[in-house]
Structures are given as structure tokens and as C-alpha cells.
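Presented sequentially are two complexes of subunit A, the first with subunit B as partner and the second with subunit C.
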Partner chain A sequence: MMDGFDMLLVASAVIAGAAPLVMATLGETLTERAGVVNLSLDGTIVLSAMAAFVVASLSGSLLAGFAVSAAVGACVAALVALFSVRLGMSQVAVGFVLTLMTRDLAYFLGSQYARTEGPISGSAPVPVLSGMPVLGQVLFNHSVPVYLSMIMVAFAWWYLYRTSWGLRLRCVGENMEAAYARGIDPDLVRVVYTVAGGALVGLSGAAFSLCTKPGWGQPQGCEGSGWIALALVIFGAWHPVRAALGAYLFAFLQVMSIHFQSWFPDVPAQVFQVAPFPLMIFLLAVSTLVHSEEAKMLAERHPLLRILTRGLAQAPPLSLGKARSRD
Partner chain B sequence: MTIALRSIHKHYGDIRANDGIDLVLRPSTVHGILGENGAGKSTLMKILSGYVRKTSGTILVDSEEVDFKNPAEAASHGIGMLYQDPLDFPPLTVLENFMAGQRMKAWPDRSLFRKRLAGLCREMGFDLDPETPVVRLTVGERQQLELARHLAAGRRVLILDEPTTGISSLQKDVLFSALRRLSSGGATVVLVSHKLEDVETLCDEVTVLKKGRVSGSAVRPFSTGALLEMMFGREPAPPLRKGHEPGAQALFLEGVHAHGGRTGLAQCTVKVNRGEVVGLAGLEGSGQDVFLRVAAGLTRPTRGRVHVSRKDMTGRDHHAFKTMGVAFQPAARLEEGLIAGLSVAEHCAILERSSFSLDLDASASLAQERIQSFQVAARPESPVESLSGGNQQRLLLSFLPDDPVLLLLENPTRGLDRESVRWVWERLDAIASNGAAIVFSSSEIDEILMVSDRVLVFFEGRIIHDVRPEDTDALMLGKAIAGRV
Partner chain C sequence: MRTVFARMGRPLEMGLKTALAGVAEIAASVLVVVAFTTLVLLVAGAPPLDTFAVLVKGSLGSWSKLSHVIKVWIPLTLASCGLLFTFKAGLWNIGVEGQVMMGAVATTLAMRMGGPSPLAGMVTALALVAGMAGGALWALCAGFLKTKAGVHEIFAGLGLNFVSQGLVLWLIFGPWKQPGIASMSGTETFDERLWIPSIEALNLSPAALGMAVAAVIVTAYLLSSTRLGLYLRAVGGNEKAAVLFGLKPHAVMTAAMLCAGGLAGLAGAFQVSGVYHRLIPAISSGYGYLALLVVLLAYYNVWAAPVVAFFFACLNTGAIQLPMLLSLDSSLSGVIQGSMVIAALAVHSVSTRSRRSRG
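After this line comes the complex of A and B, so read on.
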């Protein structure tokens, strides 16, 4: 086999590298399940990464850094909720303006802390479990935020599909009028999950600047990951586990691109660095194309394709992006 | 529970959807609310279920005055409504839909709800699989699910808005026997319908609404004639029709089936000759809309053939129909016919589409010409959305080709005053005299009787009646429209 290629090492790197993306993807999944698109993701991550880094270095407390990042994410999301849910403005326009604004704000406020020393959330192997063969190294030899990201995936699934609040959340996302007719306040639910999802997105910023891509500078390494998270929500068909799997797949492609560089030295390195992005677009296109009439007709004729498209076809929440009409 | 509604008003701007309605609903009774589309039935029931707030009036539940601000408040008084289009969550499963909105713990015991649903289904004779997504259910099954959910939540007043629309006759039997059982158990059941047959089979008491007011009420046994008179009134139709000489065949639909609209279109075989004016009667969305769109080449039939001027046009697109001399004018003037934001002159420019650059002067003078000959109260530069409904209609008529073979008009006079209606029909009459076939739909029986050479009555996607106006009258048509031939 190839030299220096360790399957376990790759798997471990994927789990660790995907942690911030998993948090952001889960946060946006919750928000979009309530029918709101928070397009400010990318800027929010940069701003909360900055805030987490600055607070953690000044106070010396990692916990304070994470707490502040969640608060920053929640605040930006609250603005989205205010403008698009309460005031009924276009979710896309509000989110887009906010994403540009928060990113510039992060670089402006954080400029004096650029390239300074800061705390890092280091490795904290889980006692006993980390000694297990294979799984020990892949799952239980990471830093705290990475464990958190894994727990969040399971929790998000349980919350959405096994609790009454999760059911209410999905109801609002599918049909606001029907939810209202059953005594649920759709606006309230939308605001709550926009803010809660925003807090998770904020945490992902801290996971970047205090853990996965430690430090602060311009450009920050996490820039652009918000857009990836938005795409992953669609790829994940608004299902938390599938969306998280998408994040791991993306991290896998990134890790592999490093290996490919050493295996194929003749190919310019940039090809492999950029490759995960068009690959994600390709996968996204495939998972969206199965909704088309043509794909459905094709699938009707080929039983094998039918199984495949059934698995991939997951429609977005029916009220996604819509404002509630009032009379 | 006894519910008394006193002098209920609901106004939307100038429109009075409910204009002083009094009604008493008693326990152990199935109460029918009968009336045409737009009579105010749905609005009244939405007020009672807390979905819409009344403008004024009083609601008494067991002599206690209530004012529901939202559906949850009505539900807490035991009032539940099944909406015409089931108000549920299609991607979620039957069980999740059943649970949503019910009282439950933070992490509910799904097996408990599963048992409760199974029990209710057994009792009512429903057959629902708890794990199926609701999107795969028929309308009838979604209705059964809603009914079961309301019962599980302890509702004692059940309002059903047009429950027999779009369900099979078997499902209707199941539903009706369930409702009878509930009513004999002391529940108050309200059946909102425009179908005489449903009301006559199920209800003990009937209140008829017309134009936002109560036009009459009756108790079992019902007299069909009396109910029809309350529904449609008996205004004499002015027989002002010139009668045209039928010419060559213009349109021939042969065993056409098509999807679309509320009901689709089934087994439709019709010939229309040039010079004929054919009125399509029926409750809105009974298949007239699909008929017109099939004849215009906008909707492709799933079965059957479409001929225009004896040429087989099945499967061709709208442009091919247009070149054969077919013109179609949809009901939604601003949505489908005119382009909001463009001026009258710009609309004329689109019709010309001769060159890449627009000749604005030419289209302005063309617009001026049309405005004058069709008496549109507008200037060439007026945006079309600023025109009144009547003027929009005149403008659309001015865009019609000069010598069409077949003119298809959907509710051409809706929302127009008497003067405009007369003017429109004078124009159309002239077009028909020039040898065009005109097929139009209208919700006004009087208008259809006044101008048509032939009337087709639609019911649930089928043509159930094909008569000449001299062989029928408003009452007979009203009966046919309500599904009784």
C-alpha cells in the first residue's frame, strides 16, 4: 500500500477536522427546520471565532471563549429573526447583508489581536475508552469540543424525532397554518430556533479559533466554511445525522487531498486543495436532481434507480423561506 | 354543548363575507350549512373555530359568551374544525400528525399514542397505518386522521368543511356512519357543504346561507325544491339572446381525461361548432377550468383526443393551438393575462414583437387606437395594475385576435358591473356572429342563460348535463350544479 497512509490516523483527523462544521451544520439544520434560512452563517462564524479568541486570551478561560461565541452567534441570529420573522423582510436579503457586515466587523474589531498567542483546547483522551483498539484512537482521543460535536449529532436527532418540542419544531417548518390551528405559535417557534441555531453556529466559530484552526488573523482559516455548512444542510436533506455525515465526508475529502498531493506530485497541489469544493457541488447537484420530473420518470423504469432516488429525495421543509401571511 | 351565534359580521374591506348571521347548533344533532361558493359558510366556521376573528357579533357556548383569539382557545372549549384542504403536515407520519397539538410529556410515549389511534380507528372503522407519511394518504384518509385526532383531544363540537369533496363514495359512507355515531353519542356535528345530496342524507337540521346572510332554514324531512330556492333564489333570467347559425366544427374533445384543478376532467366528449356560444356552468373548480385549458392546449389530456377545426391537435402546445385560431383568456386577469408593472403601450409592444428595439411611438399610437375602440379608461402610459377590473377586461378583449376560430374565456365578466357586462357581451356577440365559437365559464347562472346557445353543466370533473337554455331554467340548472340531475 501507500507509504505513510494510516487509515486510523485519517479517520481520527476527519472526526477532529469536521467538528466545527458539524456544529454549524446542525445549527443551521435546526433553524431551517423551523422554516428560516439564516444566510448570515459565514460572517457569524468569523465574528464568533474572533470573539472567542479575544475573550479566551484576555481572560485565560476557554469556557468564557466558548460562551461568548455562542452569545455572539445567538445575537446575530436574533437580528435575522427580528427582521425576517417579526418584520417579514426577505430572509435572503437580511442574511446576506449580515454575513458581509459581521465578517468585516470581525476583522475590524479583531485587528489588534491578529497573530497573537492564544489558548488552545488541547487533547483530552477519555479514560479507559481511549485505550480501546481502533475506536479508542478514532473516537476517544480528541479535545472537548470534538466530543461535544459528536454528542450534538445524537442529541439533535433525539431532540427532533423523539421529543414533543422537536415535533412542534418540525410542524412549524412543514405547515405554519396547520401548526397555528393546533395551538402552536409559529412565530415564537421560528424565533427560538433561529436564535438557538445561531448559538450553535457561534460555537462552531470558537471550535475553529480555539481548537481546529487555532489562532486569529486575516484571513481567518474558517472563512468560507459557513457557505459549506449551508450547502451541507441541503445535502443532508434537513436531517441532522445525514447533514453531519456530509460534514464528515467534506472533511474526509480535505484530508485526502493532502495525501493525494504526496501520491501524485506531478499534479499541481492547488487541484487537490480545491477539489473538495466542486465535489460537494456535484454531490449536491445529484441529491437535488432526483427531485426533477425527468429523474422520477427515469426511476420509474429502473427499479434499482428507484431505490436510490427514494433514499436521496428528501424535500425541504415546506415553509422554508416563507413569511407567514396574516389577515 | 349548545352554541349560539348572534349577528355575526365579518368584513374584508368592502366585502361582507358574513353580514349578520344568526345560528344555533345543538348537541346530538348533525347541522348542515348549505350554500353556494362564496356564500360565507367557510368564513363563519373559521370564526367559530377561532381561525378568523369576527368583525362583530356574539358567540355563546352553553350561554357563556366567548371570543376566540386563536384556534387553541376554541379547542379548549371543545370545538374542532376539519378544513376543506386538510390542515396537516404531509411529510410527517400519521402518528406524528396525530400527536401534534395534543397534550403530551416532553418526551412522549409514542406507543401510548399509537394505541389510542388504533383504538379510535377500530371504533370508527378507519384503516390508518401509523408509520406512513401523510403525503401518501388520500384526502379521505387524511380526513379520518384529523377526525381521530380531534376526538382524542376531547372535542365535542366537530365542524367539517366540504368533507365529501375529493373522497371516494366508500370513504364517504365510512365518514357519514362515523359522524352519525358521534352525533348519537351527544356530539355536535356541523357539516358545511354545497351538495344537497350530502346534507339530505346526513343532516337533521339545515341552515342555508346566501351572500353572507341566512336565507332560510329547515328540519328533516327536507323539501329539495325549498332548499334550492333558498340557495339560488328565483330571479327571472332576461332572455336576451340573438341565436347564432352553427357553422363548421371548431372543437371536438373525444373521451378526454386530464389532471389539474380541484377535480381534474373525466370522460369528456363535446363538439362545439363555429358561431356557437357555449356556457360552462357549475360550482367553481368542477372541471370547467381544466376543460378550457385542455381546449387551449395548455393542459395535455392524459387520455382521449383533442381536435380543432377537424385537425387532431392532441399533445400539441399552446402556440400550435394559437396558430389554429384558438384564443384563451384566463380568469386571473393580473396573474395570467396581463403583466403587472408594464404599461398599456408596453403590452401592445409585446404583441407586435417585430424587431429587437422597441418602437415606442408606434406602440403608443397602437395603444391609443385600442383604448379608443374598446373604450378603456386609461392612457397608453398607464400601468395595467392601475386600471379597474372592467377596464382590464376591456383591454384584454382588445388584445384578442380579430377573427378567432375558437374563443375560450374563463369567467370573462367576473367582478364587472352590469354596464360592463353588457358591453363585453355585445362585443363577444359580434365576434360569434363573425363565425367564431365561444366557450366561456361563469358562476352566474343568469348570465349563462342570457347569452348562451348551449349550456354544459360540470359536476366533480364531469359534464353531467348538456342543454339548450330554452329547455331549462335557473332552478333546473341550480339542481344540476348541486349534483342532482
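After this line comes the complex of A and C, so read on.
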């Protein structure tokens, strides 16, 4: 019954499968840390996946594909920033409409390239390191975008918590007036990080269509992952490393669902395919419940629980989703 | 959003000047959308004028096309009416898509249980009620996740949408599969006696149309002239102030979710009993998500929503022929609808800003 189940293979598949999701999650974490919710993730990923695939197959250059995808992601995010930060429109409304619109735009513009051959970012083992037992196969035997996703996690953490730029970013997200009083332009910071986060989200689209789920079609296979990334940012309590861990957890659930399918052939495949999505929402509920007063009271009495809730409980950036009043 | 509410609160004060400004806003947004769509078409290498002609002829060109538009308009309007309740209470009911699907599932269940008995009309009526109940129950799940567990309604709704899509697929390929082989074409077609009666020549059900029109009127009445409407607006406008007035926001939100889910469920019920006569994998056709756009473009106005829904239904219907006539993808309708909403919101917010700064 457990035939073909290899822990190392699973771990390696999780690292590789999570790469696009990690990028999108980190991008959205940066954006939300500046106080902007970019709800357009799901459509942005599809659109940039299409753009990356088309450009890479026409030009034959993977690098061009990735560059264009980042530009597409940045452009959509710039629209969100323009409408919400400059015009003070509802971030949720703008993001949601853009999600639907960019997805349809991707299907419309990309339809003539559907199911055509395109370049794939293949495996590129790291010289020496990939020879290591266990770790070599799990961490150092992947394609370039996967390495990039791992490096990004570390970089995002370092940038947010160890640089003065990161401090300014967090300051704007928590209290725009205080940031303004300290000589920071909150609107500028918000626009910059919305666009930068959008570029990361765009890269995640390219990571789908050129690496993890190579090819373009309708559906591409990356649909829904943008929503998961948005949920992971909350689940990760707006902390880049925790959010990335959430992405790995989700990839683990997806890899396991393939194994479960072969172990329980009687259960229809559809159940396992959608199971990770509600599970994530359930985890979201648990991590929100930890915030409640009852949970805090309970935790005060049990030292073990207290450690657990401290690990999970983290409030969102205070100015998240709010527009700055200019009165 | 607050300005929108304030505007709707005193419609009588809307003078000629405001009406003119409204017309100018609409004209400006249409211009933006036409320019943007033309650009998209040029990028795709398609002839813009021919494409627009196909969209118009394909939706309003003949009586049968128009009846198809109305068939899309019915579920879209029902779901939009439902969303008005949740938007008034300040809720983003993205789960409406799943609520349409669960309404369809509940109706199919009722029809399969009832079967083609001599009382077929009764079974059909009960199946419609079951559809409303199915949608309402599904909305209740999202409502409880929001009020009891603190999960934002967007994520609760999305999670439930995935679950309902999985459930529909599982039912079609599992317990409700056609005798012989399960397929993407859906479950077995119901006995003809269970269908909602329709005008044969147009393949259009007057009962469904009548109920959709009734839903608009009832929604308008409930929202403007009853306590429920007042409570919804109070909670949506300022949750903390509503508490001070002795309202229970969570109870009001749950009521809004129930109304929204019931109407969305009815939309799903009509899709099953009046249009497809069986459960198919894409039973909701994305009308739930589209209804969110309808309500946004209608500025949360109950009388504007059916008009916008008609416009969107025309686009959806007109786009069906794009692949055949011009080998273009039919998702063009979604591009136009989305850019329309974005443009309208942007133009509106720019014009209110400039009006405010002028005093």
C-alpha cells in the first residue's frame, strides 16, 4: 500500500512545487506590510504566467520570460496602487475586479498559444552541494527559479527586520501618521512596495508556466494559487518566513493528495484535488481563533499553550487596507 | 463607499446638475472601456469593428438571441439581488459562487428524490425551495466562519467555493453518474414533467423570469422600507455605532448572508430545473463572481443592478460566437466587463474628488 513512497522524493517535490507560491506569498507579505491589500493576485499570476510563456517561446529566452512576467505583475500592482493609494478607492473592490479581469485577459490574449511547445527551466544541480547525502537531493537538485524562491525567503526576512528600509516599511504599515511625522512619505512607500510585491507575484506566474507547471492552456493549472497565497499571508501572520512555511505546508498537502489518490482508489480524485483548499481555510480559522479572548485566558493558565499561541498570534499591520485621510 | 450611501439616502436632492454629472461619468467610462478593448483587440490581431459588431448582433440580433440573453439575465439578477443584502451589511460575499452551486445541488437532490410522480409540479416547486435552502445553508457556513471563528468572509467564501465545486464534480462522477459511464456532460437529464414549463419557441421560462423580476421588487422593498434594510445599512455603515443602538451586528450579518444565499440558491435552482435540466460541472457558469461585478458597477443600487445585469448578459451571450466567427476566445466579455467596472469606479472617484475640492 505504501509502495513508491519516498520521504526524500516527497521533500524534494514539496520544495520544488512550493516555489511559485513562496514568491507570491513573499510579494504579498511585503505589500500588506506597507498597508495595502493587493487582492488581484490570482488573476495577476495567470496573466504573468501567460506573458512569460508567450515571450519565452517567441524569443527562446527564459530570462526574457521571467523579466516580462515581473513587469506584468508590477503593472497590475501599479494599477492597484494608483486606484487605492492615489484615488482612495476600496482596495478590496479594485483588487477583486482586477483578479477577474486579468484572468480573462490572459485567456483572451493567450488563446492562440494554448497547448504549444515552450521552453522549460530544467534541472540545474548545484555543483558540489548536490552531492551531499539527504540535503543534496532535497535542497540542491532543482531548477534556478526554485533556488531563487529559497533565497528570497532569507532575503525578505533580512530586508524587513535588519535594514532601515525594512523598518520604514513596517512603520508605514503600522502607523502612517507617525511615519509622516518622521519624514517618511507614506504614499510613496506604499506605492513602491505594492509595485515591488507585484513584481514578485509576477515572477511566481513565470515560475508556474516555465518551471513548475510548464506550458500554457485554459486552465493553466495555477488558478486558485493566488487566493491561497493571500490566505497564507494571514496564516503566516505577515511574517515572511512563517508565510513561506505555510506555502511549503500547502505544497506538502498537494503532494500528499497525489499519494492519497493512489492509496485510496475508491475515493474520487476530485476530493483530494480540492481538499488542500478548505484545509488551508480551516487552518486560517484556527490561527484566528488563537487571537480570541477565551484562547488567551486559557493560554495564561497553561504554559505549554502560551508558547503555542505566542508563536501563532500576531496582529495584522494596523493601517492595512486603510486609505490615508488628507484632511 | 460612504459617499455612495449618502447619495442614495437622499435621492430627491439629486438635481439636474448631479444627473448631468452622472451621464458624463457614464460616457467617460464607456469611452475608456472602448479605447482599452480596442487596444486589447489590436494586440490580439483582431478586427475591432467586426468584433464589436459580432457582440451586438450575437446578443440583440434576433428574438432567439434575446431570449438567450434573458436566460443569462435571470440567474445574474437573482445573485445580484442577494449580494445587495450582504454589501449593505458591509460584507464581501465572494462565496456567492458556491451558493449558486449548492442551490443547484439541492434542487437536483430534491428532483432525484421526488422523481416523475403524478405530482410532478409539486416536486418542482419543492425542488426550487430546496435550492433556496441549499444556498442559504451554504451562506450560513460562511457567515458562521466569519462571526464565530473570525475568518474573513472573502477567505471563508472562497474555501467553500472550492468545496462546492469539488462536491459537484464528485456527485457527477460518483453517486449521481449516468448509467453506464460518468462524463463531463453531467448527470442524467430529468424527466420532462419535472422541468419548469417554458415557451417552446424561445426556450424561455416565464415563471423564472417572473420570479427574477419579483426578486428585484422584493429586494428593493426590503432594503428601503423595512427594519431589516435599516439594520443592514446601520451595521454596514458603522458597526460600532450599530452596537450602541442596541443592534447585534453578528445577527444582522447572518441575516444578510441568509438572504444572499437564498437568492443565489434560487439562481442555481433555475439553472438546473429550467436551463440544463440536469447537474453539469460548470453549473454556476461563473455567474456568482459576475454578479459581484454587476453590483459594483451598479453602485449598490437595486434598480441599476438589473440594467447592468442585462448589459453583462448581452456581452456574455454575444461573446459565444466569437470563437466560431473570428476565432477569438469568448473570455473577451470578461475583459470588457472587468474594465468597465474599473473605469466606472475610477471615473466616479476622480469626479467626486474634483467636485469636493471645488467645494
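The criterion applied here is as follows: the second predicted complex is superposed on the first by the 326 of 327 C-alpha atoms of A that agree within 3 Å, B and C clash if a C-alpha of one lies under 4 Å from a C-alpha of the other, contacts with A are read in each partner's own complex, and residues count from 1 in each chain.
Heads up, the rule we're going with is that a residue touches a chain if its C-beta (ideal position, glycine included) is under 8 Å from a C-beta of that chain, and two chains touch if they have at least 3 such contacts.
As the structure is a prediction and not an experimental result, all values here were calculated from the model.
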Please tell me, clash or fit, for subunit B and subunit C sharing subunit A in the overlay. fit
For A:Arg182 in the superposed arrangement: first (subunit B), second (subunit C), both or neither? first
Return first, second, both or neither, reflecting whether A:Thr163 touches subunit B, subunit C, both chains, or no partner chain. first
Answer with first, second, both or neither: which of subunit B and subunit C does A:Val271 touch in the superposed model? second
Touching partner for A:Glu174 - first (subunit B), second (subunit C), both, neither: first
Please state, to the nearest 10 degrees, the angle that the Cα centres of subunit B and subunit C subtend at the Cα centre of subunit A after superposition. 80
Considering only the touch criterion stated at the top, classify A:Met89 as touching first (subunit B), second (subunit C), both, or neither. second
Dominant contact partner of subunit A by residue count, subunit C or subunit B: C
What does the superposition give for the shortest Cα distance from subunit B to subunit C, in Å? 5
Given the complex with subunit C, which residues does subunit A contribute to the contact? 39, 79, 83, 87-90, 92-94, 96-98, 100-105, 107-109, 111-112, 218, 224, 227, 230-231, 234, 268, 270-271, 273-275, 277-278, 280-282, 284-285, 288-289, 291-292
Where on subunit B is subunit A touching in the complex? 12, 49, 51-52, 70-72, 75, 81, 83, 87-92, 96, 99-101, 104-108
Residue numbers on subunit A that touch subunit B, as the complex places them: 162-165, 167-168, 170-171, 174-175, 177-184, 315, 317-318, 327
Please output the residues of subunit C touching subunit A within their complex, sorted ascending. 1, 40, 43-44, 92, 94, 145, 149-152, 154-156, 158-160, 162-163, 165-166, 169-170, 173-174, 289, 292-293, 296, 328-329, 331-335, 337-339, 341-342, 345-346, 349-350, 353
